[in-house]
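Structures for review follow.
Next come two complexes, and both contain chain A; in the first it sits with chain B, in the second with chain C.
Right after this comes the complex of A and B.
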């Protein structure tokens, strides 16, 4: 069994993160890591007639551009693993329609990039696939109108609310080549401490992040150079730090959150930070992957975090179940 | 590489379908295979205060009952793979909250049971998991109000419309024991011939079923005793038969559809047949699994079919992408 500790899968053979392609929106392009993205799209419709169609174009173009850049044909790719925030993950499924690859649709809310990369790594290490493409996306406008309020209303945002990242990243995993390798994968359990406020997703997801991170660290005993969570923002990040500190096991020196990396929290009026499937995806694909390639980081624990609620469940009085999936990557 | 032909993954080690537990609604219990289900729930709320909460109870009870029946503890299960039709797959995620197992959420619409079982089999054969639970559900009332019209309106149903199955099945896959074995898995590509009518899902999904079935058969060259699709109903089933007949490769003698097995189409007023994630799940878990155990079938090609649309996409003029995933099982 390729399992270590209670919950972590160990990758025995080589699974390389061979390349990434990242497309981001205007606001993301103006942020502190804006120069890391392959394409920045200034228009929130990108020539389409709805935000939802724009979002699927982000996914489709990210995956197609990644394939073109690396001369990959459809026949070279064994699996496409994709998901997004929209109902029935239509951005992913409609993009997959044009990509014509064997397709596994996943739903992990904002945890989707780590979930997809973890699954893809297992498929390669299990001997089933040579090449896998993982892709995910989010779009501020499509997410806001599905999860919260019509944008046209101009509602006041809570200070604990986060800004859904407009962006998509496609990641090519392969059993051959070079680059950083995926070494360990921990799929999370659901943690739900009863937070019901959809304007405070960081607090809803932080206990799940703590649970998966501490399980992964206990299982692997690896000293990481950098631990990042997906989109906890300032509120969730401080809760994670507090939970580790209370166990006398501080990670503060090596811990950051993609939601606080992607935007300038002082200047960009995003309140608690970035969120969405596109958040950890674009920060990994655009920023962290290059740091691994340049050996600025050698051991990265990439942990996307998801809030698995729905507007219907919230209206029915339910709290927000959180989840976090960890992917340990080493250069 | 454990790949045969273009698109099929071959399971080399033993992956047993060790047991199933199936819960069905009143109408399903009154149908021709009603005596195969472990529990029949007469009340469409099962003591809950919404159909959505009732559906998640179906999933939770199916998985818990399967574990209790087989003396399985949480620590014995390496992965829970689950999905359903509701927005943000809340039936699965809220059931997973109580099950406390490492959780992979998938979305394949009505193709979810074959998708989950296929993924679970690969996880076991890849050496990552010893025991996996796959679970999915649907509920007529929660599906109708999400995808179509309020039930209270009493709208007239189209003759090509299908009846969403109220039910859930949990399937235990294991690397040890006895029982039928999963041998080959084909994850489908999206096929979309432009059908836009959400009241004719069979026609939307049939070309995808034909594509995956013919790919699986070409890849494996296995002569199956029985081929079943998930929920094409009478309309889709006849299209699949026609497509194979046009290639002079008739499968009519060995082919059936779960949507036409679960209901008495003459007497139960379900029009074109059953549908939903619960359709192929309950027909497999309750009916086909027992036929395998009793050796009435030795080689089964279980193919769940999904229509990956959303009400939003339909309102925006999109057609319905179809997908089908094949799992070859042998006793």
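Right after this comes the complex of A and C.
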């Protein structure tokens, strides 16, 4: 049995995070970690004629460039695990149409990066695959139009609202080579404490993040150098800190959130921080992975958080189900 | 977890930043007032310079404001203005014009009929519906008390 504690899968064989390739939009490129991205795209259409087509190009180019950079052929890749925010995860499936790799599309809203990395690690540890590529994306414009209002519609955003990250990152997992290894994976439970406000995703997802994080820590008993959540923003991050503090198990010194890392919250006018499938993906692929390689951090708990709601469910008065998946990575 | 839905609600309220109500009201007053002033100026220009009767000049003034809003929306400037002005641009006729033009632009990519035409009143639809309904009620009342 490779399961430890209540909810955590222990990866016994080597699963290396061999390389990443990250593409980000203009605003993300101007942010504090802008110099970590492989490509920064200044145009929100990237030469395509719709935002949706642009987003799938982000995914396709991220995966292709990752393969080219590492001289990987199609036959070398056993599995592509991808997801995004759009209805029917079209960005992923349409990008996979051109990539011609065996494909599993997953939906975990903004938690998709950790979800696909976790699944990829299990596939490799189970001996079903040697090389897996995980890729996710989000695009500010395509997400706004699906979840909120037309882009040119004037109005004021809530102070607790977050800014969907335009970007994509592809991660290559392999059973051979070198680099940081995935050691433990905890898939979260849906946690919903009744938040209905779609402008306050951080608060909706924070209980799920707390639940998965505390479960993972209890199951593995590992002392991490850094714990990051996906896109809780300032609101969710402070609630997670409060919850851990109340248990006398403060993580404040080693805890950060990708949504607050990717943007300069004051100067870039993003209110509570970044969000979207691309948020934890680009921060991991661009920023955290390099920190692992440079041994600035040795033990990273990467936890993507997702709000599994839809505009229809919100209009029908449903509250927002949150989820968080943890991937423990060690150099 | 020690929280239930009720106790968590208090935590959320405590940690959620409040919108800047006073600042928003002041800006809404200034920008909304400025737009109405502009409307009056346009109306007076038509009345004084072209001899347009007052009622027609009012209509023309609205049309000009709608045209300006449509242009600014198309250029991508209106949402930037609205971010500061808030209700100041949303309440006057400019808000309605923006609510029609922005989906029209956005759904262009799904085609002229099933995209733009189907979605153009997506945001303004409720205003139209209740506008028609109110005029229907007022019509009945005016018939009854004539």
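The working rule: the second predicted complex is superposed on the first by the 331 of 331 C-alpha atoms of A that agree within 3 Å, B and C clash if a C-alpha of one lies under 4 Å from a C-alpha of the other, contacts with A are read in each partner's own complex, and residues count from 1 in each chain.
In this text, a residue touches a chain if its C-beta (ideal position, glycine included) is under 8 Å from a C-beta of that chain, and two chains touch if they have at least 3 such contacts.
If you're wondering where the values come from, they're calculated on a predicted model, not measured in any experiment.
S.K.: In the overlaid three-chain picture, which partner chain does A:242 touch, first (chain B) or second (chain C), both, or neither?
M.R.: In the superposition, A:242 contacts chain C only.
S.K.: So in the superposed three-chain picture, is A:177 touching just chain B, just chain C, both, or none of them (first/second/both/neither)?
M.R.: Neither chain B nor chain C is touched by A:177.
S.K.: Based on the superposed arrangement, let me know which partner A:50 touches: chain B (first), chain C (second), both, or neither?
M.R.: The answer is both, since A:50 touches chain B and chain C.
S.K.: One more residue to check, A:1. First (chain B), second (chain C), both or neither?
M.R.: So A:1 only meets chain B here.
S.K.: Of chain B and chain C, which one touches more residues of chain A?
M.R.: Partner with more touched residues of chain A: B.
S.K.: Going by the contact rule set out at the top, does A:158 touch chain B (first), chain C (second), both, or neither?
M.R.: A:158: touches chain C, not chain B.
S.K.: Which parts of chain A are touched by chain B and by chain C alike?
M.R.: In chain A, positions 49-50 sit in both the chain B and chain C interfaces.
S.K.: Please give the residue numbers of chain A that touch chain C in the complex, ascending.
M.R.: On the chain A side, the touching residues are 49-50, 145, 149-160, 191, 193-195, 200, 203, 207, 210-211, 234-235, 238-239, 242-243, 246, 272.
S.K.: Please give the residue numbers of chain B that touch chain A in the complex, ascending.
M.R.: By the definition above, chain B touches chain A via 1-3, 6-7, 9, 49-50, 52-53, 75, 78-79, 83, 86-90, 93-94, 96-97, 100-109, 115, 119, 122-123, 125-130, 146, 186-190, 192, 308-313, 316, 318, 321, 323.
S.K.: What residues on chain C touch chain A, complex-wise?
M.R.: 1-5, 8-9, 11-12, 15-20, 24, 73-74, 76, 78-79, 81-83, 85-86, 89-90, 95, 98-99, 101-103, 105-107, 109, 122-123
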